[in-house]
Each structure stands twice: as structure tokens, then as C-alpha cells.
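Each structure below appears as C-alpha cells.
The following pair of complexes shares a single chain, subunit A, combined with subunit B in the former and subunit C in the latter.
Right after this comes the complex of A and B.
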């Protein structure tokens, strides 16, 4: 019923691409050009034409994906073909070059093509492996539910600290205010918790507040357990214990959330290379074709 | 007040007021007698701000006073203003206690001892003044009420509310805020109640605020002189007699015609039934010449109908030949019929010809025909096809139709004049199970689902007649398509219908039993206890049966069967069924083969307990009543949301599905999206009747949606949203190149309409969400495929 794009129609496009690759390799081996193999022979032109058409067609996937009324195949079928034909392009395009590399626009086009394909391979790999990882990490929760539960914990915690007074109140409230997830690309992908909090510190007999890291709520838990161990008032102890339970739960949710952001980020980041590189490739490819025909 | 009027109208509700309005407009000497000090007491007593509907929508209004759907306050204000403008003369505080005399010389006595003389009398007193009583000793005690004006008046009392309608539930809910409330329902479910009220009630029951006694009725009310509570009620329940102490009883059992008073005026009723309405001529005249009856008392409970009658009755009194207001509409409907009869005669003919409509009173029948379509198909024309999702009901007025009951052999049976067909789709909510072809010269009446359901719930006799035929046909088509109907008589006569609430057990593993259940509505799960856990093994939709093993000799049930949603089954007894099997060895082999297939499937489910868990998870999500559901495989889903974007782009900018919301189990995710229920909850209470099911199965909301939000609150799955109308859609290339998005209407008070998944009914190629999924994670499947899905996982 559910079936991956990789095995669409019994892997039709995989076999199609394989045949294309084998045919190109056989032709390349069989062909005996005058001089070294290059893009200017009849086989070179043939492979080049195929590769150029493939590149244009592969780019059109971005259009098909958004053409919601289109009935030309299914998006899943297109993606399947995109992946396998994209892979075959690595062979077809490289054979077209006849392995003649140099510091020129032609090699640049080839290099960009390779980068696009390699980023695509990474994309295929994450699309294959990551959905399961994300599901396992989510454990039945949605991101929205996690955020709501954290907000709920924060609300409860700020009610409890009203009965505790300094320094617990300021620590807990500051930990809520300085709680941080997300951020820039590296922060999302790194998955590090950069949350902070304020703690009181006595320096030269003067009490002051200092900002410290509160990664995974650990510092707050340390401070609260410290307070609990020194507490002599049973009422206060009960409130502290309640706080500790809440913050522990929050710590677990934060861990889950950061991992979710990280996994989702890794699953999407490659597109930010794949697409711009594709555009660059299209430009260079145009230049490559124009220059070849201009100097013909 | 001794005076003689041309016409005296008793009761100032919509009917009486409209009659008085017409009389005043024509300058007729008239008097409107009202027992209270204000007009339209029943409407006055509606709760504040209640939205009053102007049903039936098809019927034009014919009255000297205006009326349109709106709030209770607006309607009353408009009537009061117009009553003054027209110069209606009203006698206030005039509670009429007796009417005597005849045409030309009636005398009406009021409670205050005054009398009024009139040439004609119009009785428009409605029903609300005469609630149905409890019918047990003690029913007239001062603490027994038949109306609740202000629930906040009572505190810390033990209150018993009796009734199963919306008013009983609403009263119970309101009283439960400050009192201990019990609710008494004669039946086993609240079938007539609005979905919204039901969920509030369920919530209240769960929180222990209301205690409900099902299948229960009052036996007696014993007043307690010096006890802690005012009285002791003895209840007979399904589990025996129960004593309940009470301080107050609120009975909301509807209203019945004030028969004693009406009969004292000399008016006769056709039978002894408490619901019976007086027999009237087409001019609304009773058997007493000059005494007319209109409105709810005449069997017209709706405001618009009553107002039209008020207008018409005055015209009749003046001897003017005025056709009923729907005459033109019916004439148009009947034009082209080969009967050569006028409208009234045609109605009469249809009613007399079609058996199941016999018990319907002629007023209701008129309305039914008004909402129905009349067809004269050519011989051989397809009326509907097998697997269509249409659910209207057809009656054969003349000629016949042919039903192809077996696709392979093409075997057909004939349904002749006076019979009906299409009841299976109507009752089960599933696809049509046969193709029906028109015979020669046939005339058919097609009645929409909503009209038919209303009729079934209000006229028991119609339901009984249809059920009888249903059972016969279900058994015939399911077990013995080749048998003669006579051979089935024993089996059919011993079969009965049974209803089950969601979660109710039909039979349990280990019990002994030999009944076979053919599901006619709803669905069931089959489960077994394995290693101390209940594991769901299969899902049985409407049209399939369970329990055949018991019939075939093994009377010990090997599995438990439970209703998933409200379910109805046709229950067959073993003896006549076995007799049928003995006569037909082929059928026996067929039943055995099917049993073996089921046992094999169960065994394979048992070997993967994960599958059973997944199936029960799907059932818990309410998918037992689905016909088509979107499921996402989270191990394939890359969370790109292209499904949502595709949906929004093809549906005016609002995605009708929420991919991320909704629960998951074993990587199968049920997103918030319409599952196109067999009996759609959203359809229940749609004022403009804008929600319908297409032949291909999609439940869709048409453009005549008024944005009332009823469907949104009735949908238990939260898949309907109210979205602003309009906005603009960017082109493909601006989306591809610049990521342009749909522009929504921003204004807060922009008109909104209900939107939901329509399965892309207008898109060639099928649902956009599934077609736009790049990884193959999204599929739409029907419940029949659940087992397949579960095995694959």
C-alpha cells in the first residue's frame, strides 16, 4: 500500500538508469575516436546531448512538484526517476568529457554537475533513513505538543516559585526567560542547548547575579537539588521536589526537541546546496554549450 | 365583551397571528384571543437569542406578516410591529374554555367568564400548552414539572429529568451545575439528540455530574412526608427495579394535542393514538362546520407552514378558491406525468400506490414529495450503478424496475409498482450493491436521504415496513440469490433487528450462541484474548456477517465481536438457517469457504500481534466508520508538507488537512483529514442541507453553505474548518521561482464558509495530497484495505 519512491513500479527507473549507464560505458569502450576520447566526437556529442537533456529534465522536477493539477505521472514517480536518472548522469556526463579536465568553463560545468549529484545522493540517503529516526525520536509527540507541554511546565513552575522566594524564584524565572531553542543554521544542526540562567554569587562579600549555561536544564537541576538538600522546612522541600520533577520532565522534552530540530535540519539542509548548485550548473552549462559552438 | 365577529381566532402563535393579520388586512371583523398578555407565547419562551429557522426552505411564505430566519427577539419584534400596523384586534388574558355552536353562531367561553360570539372560529392553539404527562401515579404532584424556565432557580436538589430529546438533555446539563441530576431514557441511546448535546452529556456523565438510566421508565412516585427528600421514584430498569430519591422531577416528553378540550368542541379524531391530529378538509375545516383548525394542532409544526395556513384559512372562510402555496411547485414537478390528473389527485395516487408511504399523513407526505424528484426514465436506463455512493430512496409509482443482483450472471429481479428500492444504501451508508435499470413506462419518486431519515425517525410504521423488506432482501441477496422468496419466509420471519452502541459486545469469546449477525449499518471488530490481552483480528463492515460458526454447529464462540460505531445487525436464528443450508448444499459450501478464509486470516493476524495492535489503533481513531481515509507512513514521510501545500493550492488557499496533527502508531500516522464517514456526522444538522455525498463517495460541502459552523462542531474528528471566502492564487511559475503563496482574505469579519476535504472530486487524477507526495508516504484507502495494510506493516 505504502511504497517508497526508491522502489516505485518495481524499481523501473533503477533498471532504466542502469541500462543507460551500461550502454554508455559499452559505447565508450567500443568507440575508437581519432585521437583521445573527447566531447567533440560523434559519441561525445551524443552523450553530451543526452546529459544536457537530462539536466534540463531533472531541473523540471522542481516545477512538476509544484504543478498540483498536472497529471503527467505522479510526483513519486518523478522523484524515483529523478534519483536514478540523476545518478546515471554522473557516468554519462563524465564519459562525455572523455576525462579531459582542465582549468576551464567545461570542467567547471562538470564539477558543478558532480556536486549537484553528490548532494542529491546525500538527499536520497537522508530521505531513506531519517523519517524513521524522526518518528522514533518524536515518540508519538508532535513539535507543537512538545512546545505546549514545555509552556505548561513553565507556567506551573512559575506558580510554584511564588511560594519559595529568593534565590529559587529568580533562578527558575531566569531559566524560563533565557531558555532557547532553534536559532541559525549551525545552531539547529548542532543540536546544542544554549539555554542560560542566572545564579547568585557572593564575591568579596557582595552578592551579585551571574549568567551561566543551563544546557539541558542541568544547572537549574543542580541548583534546585542543592537547595533541597539544604532545606529544613518540609513545605519548602515539597515545593522544591515538585519543581525538580517538572524541570526533569522539561529537560527530557528539550532533549527530544533539540534532536528533532537537528534531524529535521539535516534532512532539509542539503536542498540549500542542491538547488543553488543546480542553478549555477544551468548557467555554466549554457556557457559551456555556447562556447563550444562559438569556437567550433 | 358580548359581540359578534365574522371570525374569532384562538391562539396568537404563528398560525393564529397570521390568520388575524390576513383578516385585519381584508377589513374583516375579527378578534384574536390570547390566553397570556403577549403574542406568540411559545416563541416567547424559547431561550434568549435562539436562532429560529425558516424551514422548509423550498416553501414560499404566504402571510400578511413577514417571517425570515433570525433571532427570536428580531422575529417577535417584527411581528409585534406588523400586528400593530395591520390593526389586529387582540383579546388578552382570554383563555378559552369552551366552544359551542355552529357556523354562523359560535359562542366561546373564557376562563374569566366572558363570552364571545362568532360566525367562524379558527383554532390555532398549538401543542405547547399540553405537555405529555409521565403517565404514572403522582404525575401531577407540585414537584413534577413539564417545563423548566430558569435552571438556576434550583440548588442542591436531587432532580430527575425524564426524556431523551434535546430539551431533556439541555435541562439536565443546565441543572447539573448546581444539583444532583439523573436522566431517564426509555431507550438505550439518545438517538434524537443533537451531536453537540450528546458530547456535552458524555462529558457530564464521565465527570459524574449526571447519572443516566437507560432502558428505564418510571413505575411510581411516592411522596415522602418527612424524609430527607420529597419523594421516592421507583424505576424499572434493564437490571430490575431501582429506587431513586428525588426532590424534583422535570419531564420533557414532548407535547400532544390537547385532546379533551378539542373533543369538547365537537371535533373528532381519527384514532385513539395520543399523537393523532383532528381529521380536516383541505380547507382546514373540522367535522364541525365553521370550526377550522390550523398550525401545530393540525399537524403542521413548522412556523412557515403555520403562517401560510393562517393566511389560507381566512381565504377559505371567505369562500375564495385558493390553492395551497406549494401548488405551483408541485404542478411543475408533476408536469409531464402521464396520469392526466391534477396536483391533488396525483399526490393521492402516489400515496395510494406506494406501500411504504401509506402510513404518512397527507400533510407530511406533501412535504416529502415537495423535497423529492419525480422521474420518468426510458426503458433500460440506469437509475444507479453498483458501487455508486448515492443514498437516495426510490419508490416505484408505476411500471417496474429491474435490479441486477449478480454481476457475473447478470441475474435480475423485478421490483414492481408500489415497491421501493435503494433502502440498502440509505441504511448502511455504503456503496450501492446492485445496478438498477428502468423498466417500461416507469414512474419513480426519488426521495433524498435527509427527508427519508426524518420520516423514518418520526413515523414508526414506515420504518417497520421498510425494515421488513430490508431483512428479506438482505437475506436474499447475501445468502440465497437463487432461492424463491417463499423458501426464505421462515428465516425472514424469525430474523430481527438489533442495535448496538459503540463498544458494545455482540457476543463474547467462550460464550455459547448460535445466532448469525448480518451487519446492516456500522461496523464490528472481531477480537480474541491472547496471552491476557485482547487482540483485534479483523474488521467487519456493513454488508458482511459474523457468527456463522455458531450456526454451522460449533456453538462455543471462538472470538468476541464488538460494535465500533453505532451498529445495527439483522440477527438470524440457527434453525431456519440450517434448514436453508440443508436445502442448498452449494450455499453451505460457500458459507464454509468464507468461514475458512476468515479463520485463516485470523490465524495469520494472531501470528503478528503488532498487526492486531495497529488495527485496534485504527479503530480507536474512529476509522471504523470511515469510507476513505488518508494515512501517512511516517517511515517514508520527509515532512516536506507538499501534501498540505498541494491541498491549499487546489482549494482556494486553505489546506483541508493537517499533516502533523493527529496520532500515530507503529509509523502509521492518521493526519487530521476527512475520512468521509458512512453516516457523516457533519450532515446531521446542516440548515441549508449543503452537505452531500457524491456518487463516487466524497462528502462535500456545496456553495450554499451559510457558514453557521454546525458541521464544524458536529464533526468528532475536527476536520472541518471555517475559512474566509476568496483570496488570490499565484501562478505556477511565481510559485516555482519566487515561492509565492496564496493571499488570504485578512479582514476579521470576512464571511466564512465551512471547508473540508472533498477528495479533489473536481480534479482529474484524484486527491492532490496523495499525488503530490514525493516519497509515497501518503495513501488514501478504504477500511476494507485495513487488513492488507496491517499485514504489510
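Right after this comes the complex of A and C.
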């Protein structure tokens, strides 16, 4: 049965979370503590206990989704509850603080909680929007296939330049060798094409080769077009034309590949914040609870 | 149309094996989808990659996949096919061959072998985040977890559990228990500094009253020690009302509900009869003021401060002074010693004490003497007796008239030179003088005490004859009207005295000039109200107070 985790069981967890949020807000407004609102009033302790239990339970989602044989609800149900109850935690946890903030681990725990929830919201959003965008961009292909398509173009181009000689051969082969995609986190998410190629340069009547950017194969296309315009041999021109054709296709594929890496990266990167921050929150939450009662 | 597909097999040239297949289709669909007429199962082929159709006698190939097709080495979306044309789709090559009879279109099909030539190596590129092992979320998650657990929990806890670590951690940038500080200390406690153990003596135990009392030993109780209901306060913590770690806020709770908790139902809570009425809100639920009065005891000649008394017609002020407020505040003024008319106001006599709470004592010399002179002899109008005890007044009179006697005789030439053996003459003169001085002094004193000076303001009793003696009852103005409340005059200077004290209508000393609670309520409202001068219990009352001890009154003024 296909359906979004957001509307699991008719949005049961949405309504559950909404009731929890509204109940907390109403209690907070209705409650007139002696002194200022604070985590130490009866309502403060109540909201704090609910929030702490929620945090522990939300963390257990990481365990449940790996427990493939577990029969405690479906993973989709858990995810639905995880998202909505996680959102409600933002309200419950903040009301527990009574809006008393300072430079201490108590506020650090609150801040980490907010960051985890915000990163989770981002995760929910990308899981909702990005699969579609990724599929549209791939246009029926897979990343592996795009790579093989590019490799195929490279092979064809390599064979063609054998009949062309310098400088076309050096430029085409260097563009293949200095092709660059992916890399570290920023390179994957940035989506910038850092491919390079070699071009010949005449300086002080000395011919030398230097590396230049070949973003989206544009420089190679420019160079090949230049060669084509100066070409007088029809056979050579036909080969160059074929080459330009291939490189244009490659440029389109590279663009598609870069976007695929970027979208995939953006869809996954939030987990790189969500999970470490969650464990940081667990440690800080422990310290928060222990310290509050340690120095009662 | 009829299409012949010739699948080329092994071998080359004339010897190459092949297998023919004929299809009758409207148009030839090509792709790796199983519904395609020409199935090319390679994964670089799209499900619907291209289609060949016949129109106007021409065969056209149209690309459906984004990767397109290559016809005769040129990638294109559409091409007209002629015999000999080569079509590349993925790793497949289709060649249009001459069509035999009965067939509209013939295509040879072969799988191309990959040729060795420079190309990119996909394995060389990192294109997935999870391939970056250094960044694996779980690795960072556990690292952060451990770092925070040590820094935020274990190290601060060491400070308390192991005193030898205390100075090391607190005096270095290493994390210590100041991370646990939920809020700044109130500035009155700033001298405690980082020494959390000054108050938090035992882990996981609430701060005990003993640690507070260790410094605040003078703090008074809410009920006197030995009060039959003192047990009601067992288990109450200082920290219930005094919340630390909120900076300058909330060191003292001002919320009236804190008091109303008990004072709404004292009669049910207390075993003994409550001395105060039910009170939960100054405006909505507060008993009328009761006043503690000064009471002069004629027998023991001492003052008593009464317990709280209900204010009604029968309640009289008793200061042993004869004073008519209205007369003194006459807008026409009153006549002073010099015969001038002087208009008095409240502050002519009542000045605020330095503590800003009560009025400073009224002094005869400073406030009364300008009009109420103590001159006693018309011959010498500048000469006055001191404003003191009757004995002093008499002694002063005697001294004055002695000197008068001597002066008078000297002026009359009665002073004779002393010669040896003439003591009798001196004794005679002395006896004469003593008798006159005593008679004159007593007469003047009697006049002052009983008819003219003292008696106009004081209660004077003649307590003996021959020689006559008087007792002037001491004057004292009440300063402790409210047993358990405090009225700081200094905070009410924007109101007129007469707004609260009806002095200009008071003809009698006995009039009680204290205002009714309604007067206070004109400005002060309880915290139940939404607007107005919100005043909780501790605006006037002090929690830490013994019941007033009557034996402990300050000394009686002269």
C-alpha cells in the first residue's frame, strides 16, 4: 500500500501531536506559577518529563528502523509519529524552559533539541520533495548509466581524435583525463564542475601547454569549434563535427550528473547533522537532568 | 509494414551467422521494455528508446529517450533512413540493409564490442556522501556524545565528588560545575563566587535551611518560638520563598498567593485561635485595620503597648499631651511669643525620621517653645525655666530668686562689710533670704505647673504639699500603630498628610487620626486585580517577624 508517511492512518499522529501542543500551550497560559515560569514548577516538571521521554522515544526510531523483524508497529507508522511528535517537542521543550535562557548546559540542551528538530524538518521536506526532483533529473537513467554513457562518448571521441592529430588529440584526451566530478562534501553539494583540460599556448614564440577550466566541457567545445572554423580539409571537418557532437552530448550528461550528485547529497546531508546532534542532545539532556537534581 | 530483423552472430564477412525474424507492425518500437517490438535488453537502452515509422514512402527514425540516437556518427532526434545507414542505440548497431521481396524494411542488428580507448573511470570519483567514511554520522554522533558527556557531566561532577579536582577544574579553562549554573546568583550572594558547595552541601539533596541560617542567623521567625502552632512550619524551606539563581529577580517572592495559601484558612489550620483575620487579597479580602495603642499605667507609671484593637468610637489615643490639631492648624494662624501670627502646617512639627518610616519625635524646644515660652517673671521676660523635670524647674527658680534677693539688697545698701565676730548679722540676712526665695519660687512654680505654662500641654499632678511637688505625666506619641505592618512615609511623599490623617478636623487629643483601610485601597489594589497599584502582602507585611514583645519597648521619653 503506497501512501505518504505524513498521512499515515489518516494523519493520526498529526492530530495526536496537535493535541499535545495545544494542551501544553493552554496549560502554560493558564498556569500562573508563583514567581516566573520555570522548569521547576509542577507544570515545568510535567512538560520536562514529557519532553525527555519524547526525546528518548524519538531516538529509538533509529533502533526501530533497523530492527527488521520487529513487530512493534510499522516503520512507516513510526516515521509518521517520529515526524509529528518531533515537531511537537519543539513546543513542549521550549515551554518547559519557561523562556529562561543562559550560557549553560541547560540552554545548550534546548539549543541542540531545536537544531535536531530543525534538521529533521529539513529532512522531512527533502524526503517529500527531492525524490521527485531526482527522478525528473535522471530522466529514466541511473547515475551508473550516466557514467557509462559518458565513458562511451569518451571512447568514441578518443578513437576519432586518432585521425585528427595535434592539438585536437591532446585537448580531447586531457579533457577526459582531467574530468572531475564529486569529491568531498562541499564538492558534492556545490554542484560546480571543476573539470579541466590542457590547451596549447604560444608565449615568447615558445609553445607550451597549460591547464584551464573546462566547466561543462565549454572550453573544449570552444576550442573544437575554433579548429572547425579554420579547417580546410572536408574530411577533418567531418571528424571535428562528429567530435563536437559527442562533446555536446557529454556536456549535457555532465550537467545531469552534477545535479544528480547535488540533489542526492542535499537529500542525505541532513542526516549528517540530525544523528550526531541527536546523540549530542542525549548526552546534554543526561547532564541537564542529573545536574538539576545534583544541585537541587 | 513488414520489418525484417537480421540478428548477426559470430564470424565475419560472408561466413557470419545470422538469424532472421520478421515482424508485422504499424511502427517499429525499439527499447528495453518488454512491450517493445524490437527488444534491446542492454541497460543503456531506455524502455522506449526510439521508433521507426513509414510515412510518405520514407522510413523515419525518431528518438524517444533523452540520450538520443546516433545515425551515421551524428547524434540526432530524427532521421530519414536509407539503405546503408548505421544507427547506434546504446551498445547496439542497426544497419539498414536492402529489403528482400515482401518486406518493407530490413535491419541488421549486432552488439558492439567495447573498444579499448581512453575514457573516464567512474570508480575514480566519489559521488556519494556515504562513501566519505570520515563523515559517517554515527562516528561523529558517538564522538560528540562522549565529548559532551565528559565535559558537561563527568568533569563538573568530579568537582563535587572529588575535592582534590575542585581547584584544578575551577581555576583552568577546563569545564567545571559552572556549566550547570542555571542562572546567576543574586548580587547579595556574589561573594560566594564559584563555591557551589557553600549551599549545595550534599549531591542530590535540596539545599537545607541550615546552610541559609549559618549566615542568616538573625533572621526572625514568622511566629514566635514556643507558639502553639509553630509546628505548622516544620519542613518549610527557606528556598520555598527565596529562589536563587534567577539573577536579581525573585530573591523574595512578592506573590500574595504564597501567603494566601495559609492565611485563607488560618482558623482551620491552626490549633490555637488565630490573632489575625483571613486575608487573601488586599483589595478583595483583607480585614479592617486594627491598631495597637499606647496605654499609660497610672499605678506603675509606665507605658504599655496594647495588642491590636478594633477601631471604633471607643478607641482613644492616649499620649498624656493636651493638643488640639485643628486649633494649631487654624488657617488664620496662631499667636507666638513675640505677638506675631504664625500659620502652621503639619511639617511645622512633624518631620520624617531618617529611616523614612515614622515621623521624628516632636521636641518642645524645637517645635513648641516658639509659642509656648517658659518665662516666669515679668521683670525678666527673657528668663525661662528649662523644659525638664519639676525638681529642675524648682531648683532653677530658687537660683534665680536667690540672685534677685542679693541684687535687690545690694541696690538698697543693706550689704554691710563683714567684721570678725559678726556672723549673726549674716545669718539673719541668710534666713531672711532663704525664706523669701523659697516662698517666691514655690509661688511661681505653682503658677506655672498648675495654672499657666506646664498645665496647658501636660497632665500635671500635685503629689505632695510643704514643700509642694508635682508629677508631669510623660508624653509619648505612638509609633507602633500596626503590629505587623509597616508604613514607610518616605514612599508616600506625593500625597498630602491630610489625605490620610484628618488632623485639621481633630479638636481632641484623644482623636485617633489613623486612616481606615479604605484610604489605602484608593490607590493600593491586591494582585487579583489587573490594574492599579498591585500590592502583595509583603508590600506592608514582613514574613520574618516575632510577635511584638511588650516587655521590650524602648525607654520612656522625658
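Quick note on the criterion: the second predicted complex is superposed on the first by the 295 of 296 C-alpha atoms of A that agree within 3 Å, B and C clash if a C-alpha of one lies under 4 Å from a C-alpha of the other, contacts with A are read in each partner's own complex, and residues count from 1 in each chain.
The rule we apply is simple: contacts are C-beta pairs under 8 Å (C-beta built on N, C-alpha and C of every residue); 3 or more make two chains touch, one makes a residue touch a chain.
What you see is a predicted model; the values in this text were computed from it and never measured.
Look at A:108: by the touch rule set out above, it reaches subunit C but stays clear of subunit B. Of the two partner chains placed around the shared chain by superposition, neither subunit B nor subunit C is touched by A:54.
Applying the stated contact rule after C-alpha superposition, one finds that A:85 touches neither subunit B nor subunit C. Look at A:8: by the touch rule set out above, it reaches subunit B but stays clear of subunit C.
Once the two complexes are laid over each other on the shared chain, residue contacts for A:173 go to subunit C alone; subunit B is not touched. Of the two partner chains placed by the overlay, subunit B and subunit C both lie in contact with A:140.
Legend: residue contacts after superposition of the two complexes on their common chain; A:130 is shown touching subunit B, with no touch to subunit C.
When both complexes are overlaid on chain A, the residue A:264 reaches subunit B and subunit C alike. With both structures placed on the common chain, the touch criterion links A:74 to subunit B but leaves subunit C unconnected. Measured by the number of subunit A residues touched, the leading partner among subunit B and subunit C is C.
For the contact definition in use here, the residues of subunit A common to its subunit B contact set and its subunit C contact set are 140, 143-144, 264. Considering their complex, residues 1-5, 8, 62-63, 65-69, 71, 74-76, 78-79, 127, 130-132, 134-135, 138, 140, 142-144, 264, 267 of subunit A touch subunit B.
Taken together, the subunit C residues at the contact with subunit A in this complex read 43-44, 46-47, 65-68, 73-75, 91, 114-115, 117-122, 125-130, 132, 135, 137-138, 140-149, 152-153, 156-157, 160, 177, 179-184, 196, 200, 203-207, 243, 246, 249-250, 253, 255, 257-258.
Residue ranges of subunit A in contact with subunit C, taken from their complex: 34-36, 100, 102, 104-106, 108, 139-141, 143-145, 147-156, 158-159, 173, 176-177, 179-185, 188, 241-242, 245-246, 249, 253, 257, 261, 264-265, 268-269, 271-272, 274-280, 282-284, 286-287, 290-296.
Within the complex formed with subunit A, the residues of subunit B that make contact are 631, 633-639, 642, 645-646, 649-650, 660-661, 663-664, 667, 732, 735-736, 763-765, 768, 771-777, 779, 781, 785, 788-789, 792.
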